[in-house]
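Below, chain A partners chain B and then partners chain C, in two separate complexes.
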Partner chain A sequence: MHIPDGYLGPATYAAMYAVTIPFWAVASWKLNRTLKAKQAPYLAIGAAFAFVIMMFNIPIIGGTTGHATGATLIAILLGPWAAVIAVSAAIIIQALLFGDGGITAIGANCFNMAVVGALVGYGVYRLIAARSGVASRRRVAAGAIAAYVSLNVSALLTGIELGLQPMLERSASGQPLYAPYPLSVAVPALALEHLLLFGIVEAAITALVIRYIQKNDPDMLG
Partner chain B sequence: MRNYESKSENKIMRNENRDRKKNLTVRKLWIGVGILALLSPLGIIIPNYLGAGGAWGEWTLEQITKISGFAPEGMKRMADTWKAPMTNYAVPGQAAGPVHSSLGYIVAAIIGISATAGLMYLLTRLLVRKDGSSKHNQQARR
Partner chain C sequence: MASTTFLDKTLLAIARITEQSLFSETYADRRGFLQALDIRFQLATFLFILVLISFLHTPRSLWLVYGASVLLAVFSRIPLRFFLMRVWLFVPIFTAAIILPAILNVVTPGDNLWVLVKFSHPVTWGPYRIPAEIAVTQQGLRAGVVFVSRVAASVSFAVLFTMTRRWSDIFAGLRGLFVPRILVMTLSMTERYLFVFLRLIQDMSRARKSRTIRPFSASIERNWIASRIGVTFRKSVEMSEDVYKAMLSRGFHGEFRSINRFDSRFADYLWLATVLIAGGILLVSERGMVR
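Let's turn to the complex of A and B:
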């Protein structure tokens, strides 16, 4: 889901930066008001977790690979705005040091995986968890469903952004200038693999860690 | 009076216990991240074993030329916008083969984890320092 340089035309990548920067600003403002120094280690761990979990490429036999992002899990444990910043930090390092995701696409990739990933994940989690107890099974189920939904919304958006390119950017002779596949190809390709496999892995990881936290440090879910 | 003192002592002890527990949690979580770093080569070995390629929509210029039959002009111009020092999570110049690529992947994981955690820690410190409530906390502690 890391869009490389050259896949999004200037109009799209500039627009995605313009959409993402206000979310970074709101997240910074929220954290500025609520964050305490002793929380710093947890945020660093959250960002590091997002980075390393994305290195676990999950294969579709004979096909493509994908990965979980940890965005929902981090949002549940550290709060949605902290998760926006933490997952963004991971994506920025991936682009700068490892060429995973483009520099021009940092806005788009952070919007898809960090902003949408964390906020949708957290919203769905709160909706389902409602007032259930910290140690309840319902919290685990809420986390799993939220993670599944959130990763799939991220994938759908990525598919739409890529699929719009042949419509938006064409050469004089009508050839696509950037990502060449239309919506009818890009959206099903990205949506299906996440619906059928990667979303389930994201849900399982989220459920397992929530179960672990319930047993070992339930305060984190308070 | 004595009752009050023992109560406040209890409270201090409880706070110390909580801090110790928090530190233990932080350490446990870091160990978890460390284990993930050591296991990270599974993220290249298993896909390789099962014949899975890269992610959809993350092809190189050569790959996309092969798949779609042409190299989009804009993509050609932009593909090399940035030259990352450790492209593909590999140590530059590492030898071929599963052992070297696994070791390179672990090195990349450790560097990436450190850089990400460092960046996040820096951002957090920046955000907290300006925070009125944390200043208030410091005064209250004194």
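Let's turn to the complex of A and C:
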């Protein structure tokens, strides 16, 4: 889901930076009040954790494997605003140091995966978990549904951003200049694979990790 | 019954990251053109070039910029074959593969160049229309070439940047470009602790693989992975507490100070001026404002 450089036109990537920066500002302000001097080590280690979650491959069917992005899981474990910064830091490091995802697309990638992934995931989790006990099965189901929904909303937004390119950015002779597929192709292409496969993997990992933490470190879900 | 493929893939992903880190250290220490620049100037000019690439519309301009990246790689003493492989093996070839359907009239209508398939009649289904003749169009081909050229030029500069600077220098450069200190500090610490966690996961995966005589069911393996993610999280929370206490014991009060001193020379200003002027000329000439 990491959008590389060259896929989004200047109008879109500039707009995505403009949309994402206020979320970073609010997250920083909130964390500054709660964590104070502790925030740098706390967020850095949270970001490193966000990065390495993607390293864990899990067996799916046959010999195939998949991995989770972990935005919802991190939001459940660290809180939504810490997750926004931690996942954003992981995305920025991936783009700057590993060339995974574009530098011009950092705003869009952070919005899709960090802001939406964390806030939508956390919102759905709190809504379903309501006041259920830390050890309840409802929490596990809430985590799974939240992860599934948030990943699919992230994929939908990515599809919309890519699908808008042929409408927004064309040459004088009418050819697309950036991602060439219209909304009718880009949105189903991204939505289907996340609805049918990646969303299920994300939901399964989130649910299993919550169940493990319920058994071994229930305080962390408090 | 699951195989241990998932463990192999995890170990391979970790090995790739470690390899990238080692390569970046190796080439960043060479005495080349880009390595000699003040990191702030390199960071600012590379960001300018990436934005410039996004504004260019013709393959000619994009390949000119791409050519500049190859020249810079040579002057920065990066082995050319290695550089070209790093650039082309990943994003541009992947992009070329996904762009293929877009050069057809199904996605990009226009003047047919080569007819590939003929049907008896066109088919329309909701927003989708398959014409009676499926063909490569001139407009589709041109859009595809522009798209792949843009991605190749962008990736080339992004790869060149990561190969010519130490990661610690990149963070120092961000600080020099007025990026908030708390963000730079967080990114810098993230990079350091990332390798601690990668080592942890590597050890867990290797230990598991070395103990495996007969693989368990996929369900048991998934539970094991979930438990390792849980353990990694618990360790990360413990580590953040320990690191914070260690910082406090060294006199940290929430203010971040940097020991980096930047040293800009005439050559850095000359490089900056060259990039800005060349970029400006390229953009203006492409838009037909200079005849």
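As a working rule, the second predicted complex is superposed on the first by the 198 of 222 C-alpha atoms of A that agree within 3 Å, B and C clash if a C-alpha of one lies under 4 Å from a C-alpha of the other, contacts with A are read in each partner's own complex, and residues count from 1 in each chain.
In this text, contacts are C-beta pairs under 8 Å (C-beta built on N, C-alpha and C of every residue); 3 or more make two chains touch, one makes a residue touch a chain.
Predicted model only: the values in this text are computed from it and were never measured.
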TODO: Classify the contacts of A:A89 with the two partner chains as first (chain B alone), second (chain C alone), both, or neither.
DONE: both
TODO: Scan A:I128 for contacts with chain B and chain C and give back first, second, both or neither.
DONE: neither
Open item on the list: Which partner chains sit in contact with A:A186 here, chain B, chain C, both or neither? Use first/second/both/neither.
Closed with: first
- [ ] Determine, under the contact definition given at the top, whether A:F49 touches first (chain B), second (chain C), both, or neither.
- [x] both
TODO: Report for A:G9: first if it touches chain B alone, second if chain C alone, otherwise both or neither.
DONE: both
TODO: Considering only the touch criterion stated at the top, classify A:L168 as touching first (chain B), second (chain C), both, or neither.
DONE: neither
Open item on the list: I'd like to know which partner A:L208 touches here: chain B for first, chain C for second, both or neither.
Closed with: second
TODO: Name the contact category of A:R33: first (chain B only), second (chain C only), both, or neither.
DONE: first
Open item on the list: On the A-aligned overlay, A:G102 touches which partner chain: chain B = first, chain C = second, or both, or neither?
Closed with: both
Open item on the list: Residues of chain A that sit at the chain B interface in one complex and at the chain C interface in the other, please.
Closed with: 4-7, 9, 28, 36-49, 51-53, 55-61, 63, 65, 85, 89-90, 92-93, 95-99, 102-104, 171, 175-181, 216-217, 220
Task: Residues of chain B defined as touching chain A within the complex - done: 21-22, 25-26, 28-30, 32-33, 36-37, 39-40, 42-44, 46-47, 50-58, 61, 64, 68, 70, 72-89, 105, 108-109, 111-113, 115-121, 123-125, 127-128, 130-131, 133-134, 137
Open item on the list: With touch defined as at the start, can you tell me which chain A residues reach chain C in the complex?
Closed with: 4-10, 13, 28, 36-49, 51-61, 63, 65, 73, 77, 85, 89-90, 92-93, 95-99, 102-104, 171, 173-182, 184-185, 204-205, 208-209, 211-213, 216-217, 220
Task: chain B partner contacts - residues on chain A that touch it in the complex - done: 1-7, 9, 28, 31-53, 55-67, 85-86, 89-90, 92-100, 102-104, 158, 162, 169, 171, 175-181, 186, 189-190, 193, 216-217, 220
TODO: Within their complex, state which residues of chain C touch chain A.
DONE: 2-3, 5-7, 9-10, 13-14, 17, 20, 24, 47, 50-51, 53-55, 57, 90-91, 95, 99, 102, 107-108, 110, 126-128, 139-140, 142-144, 146-147, 150-151, 153-155, 158-159, 162, 167, 170, 180, 182-183, 185-194, 196-198, 201, 218, 221-223, 225-230, 232-234, 236-237, 239-240, 243-244, 247-248, 252-254, 256
